[in-house]
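Below are structures written as structure tokens.
One chain, subunit A, links the two complexes that follow: it is found with subunit B in the first and with subunit C in the second.
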Partner chain A sequence: MIARWLLFLWIAAWTVIALLWAPLVPLLGATTRVLYFHIPSAWITVLALAWSMGHSLAYLRRRRIEHDDHAAAAAELGLVFCIAATITGSLWAKAMWGSYWNWDPRETSIFYLLLIYGAYLALRGSIDGEERRARLSAIYSAVAFVTVPFLMFIVPRLYFTLHPDPLINTHGKIEMDPRIRICFYAMLIGFTGLFAWMQSLRVRVTRLARRFEAAAAEPARRAV
Partner chain B sequence: MPTRESSSAAVWAILRKECRSEWRTRYGLNAALLFAVTTLAAVSFAIGRLGDRSDVLAALLWMVILFAALASLSHAFVREVEGHTLTMLRLIASPTSIALGKLLFNLLFLGLIEVVTVPLFLVLMAAPAPRWAPFLATLAVGSTALAVTSTLVGALIAQSRGRGALFAGVSFPLLMPLLLAAVRATRAQWLGVSAAAELRLLAAYALALLAAGLLLYDHLWED
Partner chain C sequence: MNANFVVAGVALLVWGMVFFYLARLERRVRELEKR
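After this line comes the complex of A and B, so read on.
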């Protein structure tokens, strides 16, 4: 309860601080500010995918349904954050590059993540039976896990990127203005906390729904 | 658990059974060929001759192959589920041998479709003569990767409610790296540039997915 309010206050406070106190990057101008929302969303997208795939593999090994709950919840949340990252990125691209979408490598990889999440959730939705759904979607997740490095490798060969980390990050290390960096890390922590909280909420709801179903089925079973 | 010898015999037996049951009706092959030729005709009719744009040709060629594969390669597993023959099949062979047998069948099937579609594509689109060695190598390795991926997804999708409807959507994300690399390799051979890097990538992709499949096929059917 307290933690939830602290999380809310943390994100709200750092949003205000980031907008008022942190300076703008010269070339990016006012569009700098999107980074406090866009990069954390993209980070959660990747974190959620890793979390989901990790739990899928764990499910295949241990066959405990809790792993599947985690995999499914992380995929749902990952999709939400992925959409957020795509939209904020696309708006920024319109402002800076003049078009909402032009298959920049970053746009290609986020599109790929959208497809993976969409396909995984569509597949889940179409399989009957808890155990079978968990098993088959875990297999799909494991296969997707294998294809990710290939995409990471092929996409940069196809197009060169205009994505601005070269502007913020010229020599392979983070060279942000310290004030931007503080706000950015604070938002990253905030978003990670948000993800952790939503994830635990989603998993607990699934667990309760399962217990409720079992309880509802109990008298019927006894009657037979 | 079957020994290695008997499981390779099982793979061979499944492949023979697939070929025989397909040959009896030729329904799947006819449908797939018709579909591939329809896609090709639609592309060719809508665009006309494109001989001087080999970059576009490479993309269109793989579109036609991708569509033909997405329309037909889930068939091998869906047929077993719809004909209620999967349980019987599972009694006589391990999941891995069933999947490998079907993979070989899908590979053969895709090859047959390409034997018809690719020459027709080259003629209809007035494509410049390809450099045969890299062109055929790209087709072979790309089709192998395509068959490996779609056999795996086909096995999953056959057990879902959507079956055919979901197959394209669920396979596409996994096929995206493969499609990009195959188009790039085909383009490179038309431009007279080396396609070796893309070919290696395609081969690595096919091998990685085959290895993943071999590890995962055991989990396919447990209920």
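After this line comes the complex of A and C, so read on.
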């Protein structure tokens, strides 16, 4: 539990430092504050979906249900963080562009990503049979991840967008005030720790649910 | 009041709520795992 409290203090401290110590980006003004939550959320989205894809491939290779647990949990969390990135991005868009949603290439990309991984969860929910669900979901997840680099990194660079340069800009450089950069990296570390905790909790809940389902089914099986 | 303090306060409140929800969930999961 000490690690959890350290994580709490880490994110809390860096939130305060980022908001009170780091300067504002001149072009973005007060909306700079969203940066410390929006980009880490987007980063965790990519990390979680990559984690899901990795475990899906591992499941297809080894057929161990633990991999499916990890893949499903990571996809769910990827979707949660994607929604967080969408909401924070939308708030930023309202302040900068005057509208919550403008169908900018960035917004369109993230919308498709939400649909693709929403469909993954719908697919999981519609299949009976643990092994069949795990196999079909793993195939879907592995294929779906191909779209992630395309939607997150390629499309927004191919088309004109009002969205500010991504972290690594079009010249391939990271151009940030050093104080913003420190806070930003600290928040990335904090969010990664939060994802690791949530992922572990989600997987443990899935295992518990399986254990209790098996225990509940045992008397019926014995009766037969 | 400086807007930065307001934003920091709201962010800390949200983070505190998320943290305590997860901590409570963790405690419950640990109890169930021991059964």
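Heads up, the rule we're going with is that the second predicted complex is superposed on the first by the 194 of 224 C-alpha atoms of A that agree within 3 Å, B and C clash if a C-alpha of one lies under 4 Å from a C-alpha of the other, contacts with A are read in each partner's own complex, and residues count from 1 in each chain.
Here, contacts are C-beta pairs under 8 Å (C-beta built on N, C-alpha and C of every residue); 3 or more make two chains touch, one makes a residue touch a chain.
Keep in mind that what you see is a predicted model, and the values were worked out from it rather than measured.
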item: Subunit A residues touched - subunit C or subunit B, whichever exceeds; value: B
item: Contacts of A:Ala217 with subunit B and subunit C, given as first, second, both or neither; value: neither
item: Which of subunit B and subunit C A:Ala3 touches, first, second, both or neither; value: neither
item: Partner chain in contact with A:Arg33 - subunit B first, subunit C second, else both or neither; value: second
item: Residues of subunit A at both interfaces, subunit B in one complex, subunit C in the other; value: none
item: Subunit B to subunit A touching residues, read off their complex; value: 149, 152-153, 156-157, 159-162, 166, 169-170, 172-174, 176-178, 180-181, 184, 197, 201, 204-205, 208-209, 212-213, 215-216, 219-220, 222-223
item: Footprint of subunit C on subunit A - complex, ascending; value: 1, 4, 7-8, 11-12, 15-16, 19-20, 30, 33, 37, 197-198, 201, 204-205, 208
item: Residue ranges of subunit C in contact with subunit A within the complex; value: 3-5, 7-8, 11-12, 15-16, 19, 22-23, 25-26, 29, 32-33
item: In the complex with subunit B, residue positions of subunit A that touch it; value: 60, 112, 115-116, 118-119, 122-123, 126-129, 131-132, 135-136, 138-140, 142-144, 146-147, 150-151, 153-155, 157-158
